[in-house]
């Protein structure tokens, strides 16, 4: 069985819900849940974003860091940071969210490319050593998420 | 019992999902359902907009016209028409939607003011004579909506 | 277009939630909604019975009579009236419910046979003249039900 | 911090979904999830029983044993084993279920008394050493349940 891949560094053009930029390397030693979404993707709005917020609420006391990542790969003009800010406010998202850096001339932003994500929402579970232990495109039910995050917490 | 109020004319800066602008006066003789929403209002996204689309799907064969109205009264920069267009596409809204005209120097747009709406989502049921028979801010359950629209259809 | 069929009379071994037996003939002039269910049928418990109760709550003021009918055609020993009584109490069913009469030597009870129902839940809409205007096996969404009942109310 | 209490032995009049009776003592070394319910308790039917089944499906591969317990404390005649058998079949419950032994002259059955449960549904998480680590009356969300069961699995 091969070693799981190391999670790539985040490239971020703007942060919300955090006073200081977050850096994956400096989170080594903590379990990190990365949630990639687009604010106008129905599966993100209806399922992924509220679930990420529930993980944040539930696992804060276990020392888990939940980080949203706005990985816009379509309708770029429609989902600029000014719109994202209103979205986060109105949908009561309190966990930190970073805007993925655009790559000139390309549709898919940098961190989304580095993760080879297939779309949004995508949930990534990163262990204390910075390895990707699960990367899932689409829906995961809450019981599975609760169990998998706790498994990493208890390592 | 006094006569119900006449529905005010729509003031519209842009239309979506329709080749020709819609005019309330020219819809006289038809039952009209007006749904005022904002694309970043959670109650609209989760409840009001999908319900308006269900009314559209269900009552098209009864000659009912469903018209959405984007009545932005907060986060104006976040909900410009370019963002609305992506929202309507991604959330598969197929009924006509008009953007309510902004009033210079004021937060609340023109038709929203003319209706004295309290917020979004607001559902307005307009009878064949152009009278407002119900204007409801917040949620209405589907059974009530189905019954009330059919009551107007059968008049 | 042929005349819709006349709804068959009810054959009832026991009534709940009503002081006096209900008789379809004496309801002539009213819209009647008949809901056939089994207390251990998941589609009935999760969808049909609560919907029938919502119709009862919503359309009482329109003069509609909602009547449940316990049409047991499987697990007969499991769904005797003593169990039905507890079910109706615990699930807060307040509309009248009649127990369909068993036919000796047959699995399917009398009224269920007379209606040629395919299973449970089945919703039957009966107009003021006692004609069956719709008989639906399975789920109907609330908006459709609200509209169809109101259509009969307005005739 | 005091030691958590030892889970009391089960007193069972009949088993379903298992060829051999289950005994808590012989499950020592495994995580055990005990779900106490009544087949006509709405919170059990709508929430608790399906959740117990999800735990069973999800955690079987982790060596967790999920056991339902039919703790009838009201409407006793309505929820006899013949009715429970039909309920388990119709609602597709596949995990083992034991019927709690009635105590002569008392409303509350034996294991429910030994646990001092307040009602149904009640979820009990028992660790590998046979200690009660959580006993919860009412609803617990799936994420919490997934996390708490996994915590015990990883001990």
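Note that the chains take the letters A, B, C and D in the order they are written out, and that residue 1 is the start of every chain.
By definition in this document, a residue touches a chain if its C-beta (ideal position, glycine included) is under 8 Å from a C-beta of that chain, and two chains touch if they have at least 3 such contacts.
Since we're looking at a predicted model, the values are computed, not measured.
Q: Go ahead and align subunit C to its copy subunit D using Cα positions, then give the rotation in degrees, nearest 5.
A: Superposing subunit C on subunit D takes a rotation of 180 degrees, nearest 5.
Q: Between subunit A and subunit B, tell me the centre distance in angstrom, where each centre is the average of that chain's C-alpha atoms.
A: 35
Q: Between subunit A and subunit C, what's the gap in Å when you average each chain's C-alpha atoms?
A: Each chain's C-alpha centroid was found; their separation is 50 Å.
Q: Hey, what residues on subunit D touch two or more of the other chains?
A: Where subunit D is concerned, no single residue meets two or more other chains.
Q: According to the definition already given, which pairs of chains are in contact?
A: Here the touching chain pairs work out to A-B, A-D, B-C, C-D.
Q: Quick one: in the complex, what on subunit B touches subunit C?
A: Per the touch definition, subunit B meets subunit C at residues 54-55, 58-59, 141-151, 154-155.
Q: Write out the stretch or stretches of subunit D touching subunit C in their complex.
A: The touching residues are 40-42, 45-46, 74-75, 77-79, 82-83, 85-87, 89-91.
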